[in-house]
Each structure stands twice: as C-alpha cells, then as structure tokens.
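Written below as structure tokens is the structure these notes are about.
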Amino acid sequence: MANRPDGRQLDEMRPVKITRSVSPYAEGSVLIEIGGTHVMCTATVEESVPPFLRGQGNGWVTAEYGMLPRSSSIRIPRESATGRIKGRTHEIQRLIGRSLRAVIDLACLGERQIILDCDVLQADGGTRTASITGSWVAMADAVRWMSEKNMIRKDPLLDQVAAVSIGISDGLPVLDLCYEEDSRADVDLNLVMTGTGCFVELQGTAESVPFTDDQLAQMITLGKKGIAELLAIQKRVRENPL
Amino acid sequence: MANRPDGRQLDEMRPVKITRSVSPYAEGSVLIEIGGTHVMCTATVEESVPPFLRGQGNGWVTAEYGMLPRSSSIRIPRESATGRIKGRTHEIQRLIGRSLRAVIDLACLGERQIILDCDVLQADGGTRTASITGSWVAMADAVRWMSEKNMIRKDPLLDQVAAVSIGISDGLPVLDLCYEEDSRADVDLNLVMTGTGCFVELQGTAESVPFTDDQLAQMITLGKKGIAELLAIQKRVRENPL
Amino acid sequence: MANRPDGRQLDEMRPVKITRSVSPYAEGSVLIEIGGTHVMCTATVEESVPPFLRGQGNGWVTAEYGMLPRSSSIRIPRESATGRIKGRTHEIQRLIGRSLRAVIDLACLGERQIILDCDVLQADGGTRTASITGSWVAMADAVRWMSEKNMIRKDPLLDQVAAVSIGISDGLPVLDLCYEEDSRADVDLNLVMTGTGCFVELQGTAESVPFTDDQLAQMITLGKKGIAELLAIQKRVRENPL
Amino acid sequence: MANRPDGRQLDEMRPVKITRSVSPYAEGSVLIEIGGTHVMCTATVEESVPPFLRGQGNGWVTAEYGMLPRSSSIRIPRESATGRIKGRTHEIQRLIGRSLRAVIDLACLGERQIILDCDVLQADGGTRTASITGSWVAMADAVRWMSEKNMIRKDPLLDQVAAVSIGISDGLPVLDLCYEEDSRADVDLNLVMTGTGCFVELQGTAESVPFTDDQLAQMITLGKKGIAELLAIQKRVRENPL
Amino acid sequence: MANRPDGRQLDEMRPVKITRSVSPYAEGSVLIEIGGTHVMCTATVEESVPPFLRGQGNGWVTAEYGMLPRSSSIRIPRESATGRIKGRTHEIQRLIGRSLRAVIDLACLGERQIILDCDVLQADGGTRTASITGSWVAMADAVRWMSEKNMIRKDPLLDQVAAVSIGISDGLPVLDLCYEEDSRADVDLNLVMTGTGCFVELQGTAESVPFTDDQLAQMITLGKKGIAELLAIQKRVRENPL
Amino acid sequence: MANRPDGRQLDEMRPVKITRSVSPYAEGSVLIEIGGTHVMCTATVEESVPPFLRGQGNGWVTAEYGMLPRSSSIRIPRESATGRIKGRTHEIQRLIGRSLRAVIDLACLGERQIILDCDVLQADGGTRTASITGSWVAMADAVRWMSEKNMIRKDPLLDQVAAVSIGISDGLPVLDLCYEEDSRADVDLNLVMTGTGCFVELQGTAESVPFTDDQLAQMITLGKKGIAELLAIQKRVRENPL
C-alpha cells in the first residue's frame, strides 16, 4: 500500500478550514485553508457586465486567479512583470468561473457582475479546487449582501458547488493530493460537483500513464467522498452570522 | 427523439477524411475534415527543446492552435492584431500538447522538439478534438521522417491517440456535435483515448445543467464508439505510402 | 541566358488558378494559386467603419495578412505568440489595402467596411502580389453579395486591379519570381496596375545592386505582360456563377 | 485642533505589529500590520544578479510591490490583466529597493540577489512605508538564513531602516496618515531613515498647497518620532528566535 | 575643497538659456538649455480630459517625458521598440505633472487638458528639473494662447514653479549637478519650488551614504539660490512678446 | 498652372540645410532642414550585430524613426505610450535601412552595426526622404570616425544616396511636396537614388487616381533634378572639417 507523505489514508482529506469576512472591503471574502494550501477568495459586486452581455438584463459571474510570488517553494515571477498571463492561469480562471455560473441564476442578478478574486497565499497542491470551494462561500456572502441592499428580489443561488482533486499514485487512487503527490501522480482528476450530487466539471488528465474505466470509477468514488465533506463544511460555516 | 440538424443518428459521426502530405515543407502534414470542420495539422521537427528541458537529453512535443479569421460565420479578430492570446486558445493548445505527449516516448527523441501547428481553415464544432486526431497522424509522419533520416534509433510512438466530443442536447446524449448542436448543448464532454482503449483526457463541462453518473456513462459509451472509428481511419490512412 | 529554376521563359508566369467560394461563411472568398504560392483571400462585410471615418457616410476597405507557420520551409513563429506584428506584415497589409481602395468608390459603400484577410497557406515567392490579385476577386464577390442584399444601389467597383513581381537576376529581368529567384535577385519590383493600364503602386527595391532607367523600363514591360494575363484570368473566373 | 478619524493624537502612530516567518517557503517573511494596512513581505535569495551586474562579484537587492484586487474599498484591476504596470507601482518598487540597498553591503552578498516581494493584503494608507519597514525585517531574516547556510562570511547588514508617512491636514502636521487622511491631506511626506538617525529618502509632495520651511521642519520632527518607534519594534521582534 | 569638473563654484549654476516659440505648431514651446542639458518642452491644449475627470467641469495638466536615443553618450533603446516604459520615465512624468498642477487653478481651464511633452535632445544631468523649469514657461504661453482665443476668462496661473538638483559629492554640497557629478554623488536632492518660496516637491535620495539634518539644510540653502536664479530667468524671458 | 502654397516653381526644391555634428555624443550626427521639415539623424556604432548575422564577420546598418509629439500640427501620441509601433513607422524604418545598406559594403564593417536614429523635430512633408538624405551624411561621418579609430581598413562607402518626394497635384507633377501638397496629391512617389544616378528605391502610390506611363516619366525627371541638388549639398557639407 502507498504511504502518503503526510500519513493520510488514501481516502482522507487534509484538514479544511474556511474563515469568512477576512476583508473589510469586499462584498464577500473567505480564507480557505486545505492543509498547506491557503487561498483568499473575495467577491466583488460591480454595476456593469462585460460588453457581450450589455442591454440584455442578465448578470455575470467571472473569476481571476493569481499566486503570490512566494506562495511556492520556488519564487514565481509576477505575471504583471513578465507581461503575459500564463496558459495555466487562463485555464484555472475559466474553470472557476464556469463552476460558479453553474449554480447561480444569472437572470436574477440584473445587469451586475460578481468577480471572484482567488489569490493563493500559500500553495501545496489543489489550489484550483480550493479556489472553487472557497469562492462559492464568498459568492454566497456577496449574494446575501446584495439581498440586504435590496438589489435583488429572488435568491439567485441554485445550489452549492465544491471541488476536489483525485489522483493515481503508484497505481492507487488517492484523494486530495498535496504538492508532493501531485507532482509524481500518473493521473490527475479534478471534480466539481453540486450539492445535489451532479457533475459540473470533470477533468481527468493522464500525466504519463493513460487510465482505465475502472480507475476512473475508483477516482470518482473517492472524489464524491471528499466533495461531501466540503459541502458539509460550506454549510456549517454559512450558518454563523458574519 | 432529438432531431439532429444534419439528420444524423445520435451515435453517428460526421464524415471523416484525413489527407496526408498537404504541405511541401513540413516534416508531417495532414488536412483533417470532419463534416464542416477542416483543420490543417503540420508537424515541425526542431533541433532544440524549451529552456526547462535543456541538457537532459529528452525531447518534447508541443502544439499551437489558431483559427483563420473567416473560419467562422462571424469574423474572429486575429490574436496577433489584438496582441493577446485568448484563454480558450491557451486551453486548447495545452490539451493538444498533453494528449500527444501521452503516446510518445520523449526520451527516444533526443533533445528535439516536435511542434504541431493546428490551423482551423473552417470551423463547425469539434475543432480541438479534430486537431488531436489529425495531429497524431502528422506527428507519426514526422517520426517516420526522423527515422528515415536516422535521427532516432527506436520508434518513440507508444500508441495511437484520437479525440471526439460528446454532448447532452435536449436531454439526450449525442456523438460528435456540430457547431449548432454545440452552442445549445447542456453538457459538453471531450474524450481523448489511446489505441488500447485507455483515457488520456476526459473533460466534461456542464454548460448550463449539471449532469448525472448515468449521463456520464452514456456519453463515455458514445465517445468510445466514435474514437474506435477515428482510430480505424488513422490506421488506414497510415498504410498508404506518402 | 539565365536558366530559371523551373525552366520558365524570362517573361513567363507560373500557372495561375483562382478558385472562388472556398469558404462557406465569408461574403467573398478565393483561393489563389500561383505556382507553389497558395493564398486564401476572404472578404468580410462589417456594418461599421474605423473611428477616423465615423459619421461621414463613407465606407472603407482594409486588409490583414498572415502566414501559416509551415507555409514556409523554415517554421515561422506566430505573430500572436511573439506578441509583435512584424514590419514586413504591416508593410504588406498597407499595400494590399491601398491597392484595393484605388479601384472602389468608397462613398458608394455607405458606412461599411470590407476586410480582406489574406492567409498564406503555402509560400513560394510573390505572396503579396498574389494577395492583391486574389483579394480583388474576393472583394468583387462581396460587392455582388451586398448588391443582392440591396445594401448598395450603385456598383462601387471602378476597375480591376492585379499585381505581379518582377526582378533582375544575373543581370536579366525576369517575370513572376519564385522564392529561390526572389532570394538571390539584385532588384525586386512589385507592380500593381488597373484594368485600364494605369499604375496603382510601383515599388522597386535594389536588394544589392542599384538599377538603371533601362532596367526599370524592361521590368515594367515584363510586368505589364504578367498583369494582362492576371486581369484576363480574373475576368474569366468572374463570369461563372457561384 | 484637528480631529483625526480614529481619535489619535497628531503625533501618534497606529498600532504596529510585525509577525515573522509567515511563509513556509521564503528565506525571510514578515506580515506587517499598521492599523488597517497589512502587507506581506517575503525575501527570496536567488543565485544570480541582473545582467548589468554580472561578473563583478557583487550582490543586489530589489523589490516588487503589488496590491491584491480587494485590498482596497474599490476593486483594483490586476496589472497582469491590464498588461501594464502602473507608474505608481514602478515608483514604489524603486523606492523600496533603494531604501534597502542603503543599509546593506552588496559586496558581502556575492553574486546573489535578494528580492523583496511586498504584497498588500489590505490597504489603509501608508502601504509603501509599511513595505519598507517590514521588508527590512524579512531581508534581515534572509541574511541570517544565508549566514546559517555559510553562503556569506561577514554580516552585510550595515544598519536598520524604517519608513513613515507624515502629512499636513487642515493646516496641522500629522503622523502616520490613514487612507481617509491621506486622500484629503495638503502635503504628503514619506521619510525613510536609518537606525543611526540619517535620511535615506525624503519625499515631500504638495498635493494642493505648497509648504513652507517651518512645515517641513515640523513634519520631520513628527517623522523622527514615528521612525524611532518603528526601529524599536523591529529590534524587539528580531530578538525572538524563529 | 572639491573641484567641479567644469570649474564651477559649489553654489554656481551652469549657464541657463530659455528660448520660446521653438515649434510652429504647439500652443506653447520652449527649448531650455542648462549647460549640456537641452530639453524641448511643448504644451498642447486638448479639448478633453482623462476619463476619471469627465463631466466635472475641471481641467487637467499632465506631462510626458522622453529621451532621444543619442541624447546620451551610450545609445538608449527607444521605449517604443522595447514595448515598455521604464520605471524612471514613469517617475519623472509624474513628478513634472504634479509640479505644474501645483501652480495652476484647474477649475479655470474648463474641461481641457494641457499636455507638456518634455523631450531630451541632449542629456548632461538634471533633465527632470530642467523639464519642470522649461515646462512652466511653455504652459504659461499655452495659457496666454487660450486667453487670446477667449477660451478662459480668468488667469489660471497661480504662481511660477522651477526646479533644481543638489547633491553631496566628496562630502560637500553642490548645486546643479552635471552628469559626471550626478553619477558619483552620495546624495541626490531634487527641489521644486514656487515663486513665493514654498516647496512643491522635495525628493532626497541617499545613493550610497545616508545624510544628516545638517546636510539636508545645506542642500536646501543651495537649492533656494538656484531656484531664485531660474525664477528670474523665467520672468525675464516671459517679458518679451512672442 | 498650379499655384504652390509657398509660391515655388513645379520643379523647385524647398531650401535645404544640412548641419553636421549637432550631437556631442553620437559617432555621426546631422540636422537636416528641408523647408519646415527638420530631422535629427544620429549614427551610433555598436560592437555587435543582430542575431541572424552573428559569427559571419559582416556588419549591418539599420534605422529607427520617430516623430516628437508636437512635430505636427495635431499632437501625435507617443508610440511608447500606446505600446504599438505603427505600420507607417515600420515601413519608413525599413525604407531608410535598405537605402543606406545599398551604398555601403557591409563586409568592410566587421561584426559591427551602425544604427541611424531619425527623429523628426518638425514635420512639413517629406520626412522619410529627408531622413535618408540626412542619414547618409551621419553615416559617412560615423564611418570616418571608425576609420580614425582604426576600426576599419578599407572605406566601406560605395556611393552617395539621397531621396526626394514627387507628386501629382491638380494633374501636374510637382517636386518636393510640403505637407499641404502631400495631403491632397493624387499620386505620391518617393525616389531614392545613388550618386551615380541609379535607383535604390522607387515607391509610387496612387492615393486616389491611378497614374500613367507618361506621368511616371515626368515624375522621375523631376525627381532626378531634386536628387542632383541634394547630392551636391551632401558633397559640399562633407568637405568641411568637423
């Protein structure tokens, strides 16, 4: 049996902590810590939508993602300094945005945009999935803020959404990979699911060895266990007043 | 039952045609036509690798993707003119590159790089999956060229790779979506598989309605049927001399 | 006497083929093949003009030019990837645009713009002149499309326009240079002329050895012969219904 | 007498807190909190120097500065997304770098670079001065780390450095401006001083009303008081083991 | 006592010459020569303000700064060619703009912008201070032009503004550094003052050795002497008709 | 007969003045004034060549071109500020470079580059032709400087080169167009010729009305007259010691 670097069981998540209201300015803000991965997720409500949506009366939800230079063991040059947003960043931003839009009724927002900023303070694997799980809470708080300001009449939130990574390492499926596991996994699967158990995104990638139907099924089973735990934590932290 | 815009069965691919040697200059070149989607895939062999790989003796395979401005019904501004490569382009380039690297032994290439250029002449849905299926043939021809030049001793090709899109439209799973179907599908799944039936990439996205386990299973079944047909066509066109 | 690489006479054009309606989407589209040089020219009609022309009631014609990475024997990096449009590209785009505007009555177009996209699929010398010759046919077809849609009342086409390159190689003037000739010519002259035999553009460049009045006269004579042939081909292909 | 928004005396600093070792990866890392202004300062040691210094045997210290999008009450667009580093950012980065280089012996570092990344998590005035004060502690910890790794033989730290802002508001000089005060001050002075009481930088700007010799003298007096407090706090936090 | 490279006294300015109306096109234009430093300053009046000021009825003054490639002994690459405006350029542009805005009543301009372009034809130290001193004259001429065109009713000019650099070299304070002195000075102070003797900007930087209160006082005394001479020259050249 | 705005004869050049050694730093420098068009041309000798020429032992000559913002009646935004070099600038830079390379033996330079910077201080038509004529003198002075430094053994200058613009205005050919004439000319021809009367570049453009063989001949005749005058002036100013 594979020994995980931090001694976890194959189906065991790292400790998860979600702290709300970490910013005095943002309409919603969350610090999500999953083991050594810490992401600050803030939600901003803007009174405008991107050009392609103007004049249609519907809202939009989008996301931006960044890593602080020393969120990682090797310093990452700033994308502002290199002048180029990396393909990986684009890919993650688009994934977070799609995941959140799947559980919100954009028509209820009016011509407004919610921007989720996911900034990685510390990275130890699974930053994109942590960003989704944390952003949902920040978005829900921003929606509550809009409701309190009477900006919306109906609750646009259709469901919860959470995300987790699963991998195959030394031939065995493991839940919630830390950086060390992620960097030597054969397969990497990111799962984004709703509170009602449906798939929003399913992105499996064979980093080196292609995977079989059986392995896919095993990874999905593990992923569902992790998602269930994250959904419960989201619910619990949402019960507290801000 | 859903009526497809072109009268196809739910599990029916559009006509597929792969033409080799369409460029007098490239080391491998293919025009792949899948219905109204036409992609030119050229393979270039370069005697150098990206900086992060230098001095290790291994090779690399990468891809670039572009659309001609009028490959689409609405003119697409050139990314050179806007000065920005779109997130979608980055995402597709990375997907094609990973898919091809999964079936080639990079160590056998020596410090050389194969660049696959996928240029969409005409787009009618499924350009990224057509790019993967076509690029594999172009890459295989470039490998043969390297072999004839005695640049490599061992065949680096480990397997075939092909890709197809599946979607859920009006609640029904359909194979190989054309643009019209793609733009109103609830779910979009891109499947990349090897000749031996393993998964290389599995990217399912709920555009509007999240999907269930059953729907995932149905889409994978359809996808495997399409992949099998593409693998057979790749094999057949490879049998002819250039 | 100089031996041309492909055995042509000094005043002999390469085989020319113009195919119309090569795109299902563009308002006008042409594939022009001149020997080994293949350029796709598409015409797009847009319901707007550049900022400097707004509110004046007149139209505009402009052109963009690109080369596919393996249109050439050495792979050309994409201008979108380098983030810079090369000076050569700018120069060619401006030349094509000016040449077409010289034979169209912009006032008849209304506040609309015709964009000519010239994408080189295969390059063997003379891509800019082929782009002009092909673009005129694509523009003429776009004008016909506008007329059929009752967007314009009067035919804005004032004349035909075609272009050819002439050079001095080993001291002798030669018509329609292929890449091999172009790269070792002493002088390169691009001639753009109307159907009525007037000059639109005349760009002669001494790559290494300056040229005399006599040589200029000889090159113009050769060029007029080539232009006459191209004008006849344009006319002939325009006679067929689409 | 002027009433300060938070009830402070004219010569009273906001509460200052410096926490060391806030990053598991960086060679030195500090979170500095000055009232509502929170800046993370990390120090990275790199085994190379900028091109203009190569081959001379000396080291270099430089700084980069960024604000998280919701560190502010209005969301600040990412400089990576706009593709431009703002003039203000350049100005601040250069100021931090010069301030730190004034108190370190670059020759003792060998051909190595210390990069200070100052990322503003929350902004309430004085982010550039907080960045300098915090960065000195992070740099000192990075120097200690180098010393423990036997990378340097001699202590390159020549002195402490700290910084504070002073302003003239309603005609009165005030120490350590919060955002509300800063935005309506007539004069803004940033003072950077060493442990031995010398000036490293002195940047006074009349935002609206030019200032007199007397006002300059009063502001410098206030600034020295604040600097003394900051130097004492730097010393105290440095006494603890990491 | 320090010997200055050009034999000047410690408190002696280089010869100053301001020539007005050097451009036939600009609304105000000046060539300022301070020793070997020559800067062309042109003032442009535009009938619009930056977006953040629109609709408020107030005007704006801004500056841009550039160096001709061979204004310097080593050729400086064009910022248009590198695609990046350097931090130093940003810093200088902002300094010039702030300095001029301090002596003009923006409300009197109406929604108009005065742009000062400072282009260094020849650089021998002190280009930013020369730019400020020269720009004030160009701005004043542009204001006179506006007045003659009846664009403004009230004189918006509140005061003169001029600037000078002071340094500490070999321990001694010196006025108006030339390039050779500037590059080996321990301290560099730029002083911007009004006609009525108040400070607009005071930027002191310890390039290597931090400076004391006494040294600051000495430098300010020298600076005031230089400023007084510059203000007198500005006045004198303004007396002549254009 | 057409009346020229400044009363000149159709074949009359504006007053031409070439001043050498206008920069204390550049290896060659010239201010060329042709009527209201003033261009500073500086020549820089660099001990390196562009990457595509390295290791071949040959030199290179290249040019950069810029306009000061208020060289024109309407302010031209800086290309550094917009972040884009315009197509027109690229076109002119390439033209100047090619023209100079036509009259210099690059092999004699060794692996060195001469950069000609042409900066337009004041523009009144014909800036590109003035740049060529002035740059030749600056280049010749830089070559003399190299010779005096014993950097070259043989004189690499093969010939003189000068340039002039000719146009057709109100149906009549005119020499050396000022801005007002240029902007309403039907045809614009730029002629670059050597001291021995050969063509280096010939660029004729029909801005609105295509031109005939006769008109081309008339324009070339006028151009030769102008070129002859410019060559004589170049010769005369070169006779003086610097």
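Going by the order they are written in, the chains are A, B, C, D, E and F; count residues from 1 in each one.
Keep in mind that, in the parts below, a contact is a pair of C-beta atoms (placed from the backbone, for glycine too) under 8 Å apart; a residue touches a chain by one contact, two chains touch by 3 or more.
No experiment lies behind these values; they were computed from the predicted model shown.
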* Where subunit C and subunit D overlap in contact partners, by chain label -> none
* What's the chain with its C-alpha centre farthest out from subunit A? -> F
* Asked: Which whole number of Å gives the spacing of the CA centres of subunit D and subunit E?
  -> 28
* Asked: Hey, how far is the Cα centre of subunit C from the one of subunit E, in Å?
  -> 51
* Structure fact -> Rounded to the nearest Å, the gap between Cα centres of subunit B and subunit E is 59
* Shared-contact residues (touching 2 or more other chains) in subunit A -> 83
* Just walk me round the ring: subunit C, then subunit F, then whatever comes after, in order. => C, F, E, D, A, B
* Asked: Quick one: in the complex, what on subunit A touches subunit D?
  -> 23-26, 29, 36, 40, 42, 44, 46, 64, 66, 68-73, 75, 78-81, 83, 85, 89, 115, 117, 119, 121-122
* To do: Give every residue of subunit B touching subunit A within the complex, in rising order.
  => 86-88, 90-91, 93-94, 98, 102, 159, 189, 193-194, 196-206, 208, 210-213, 216, 220
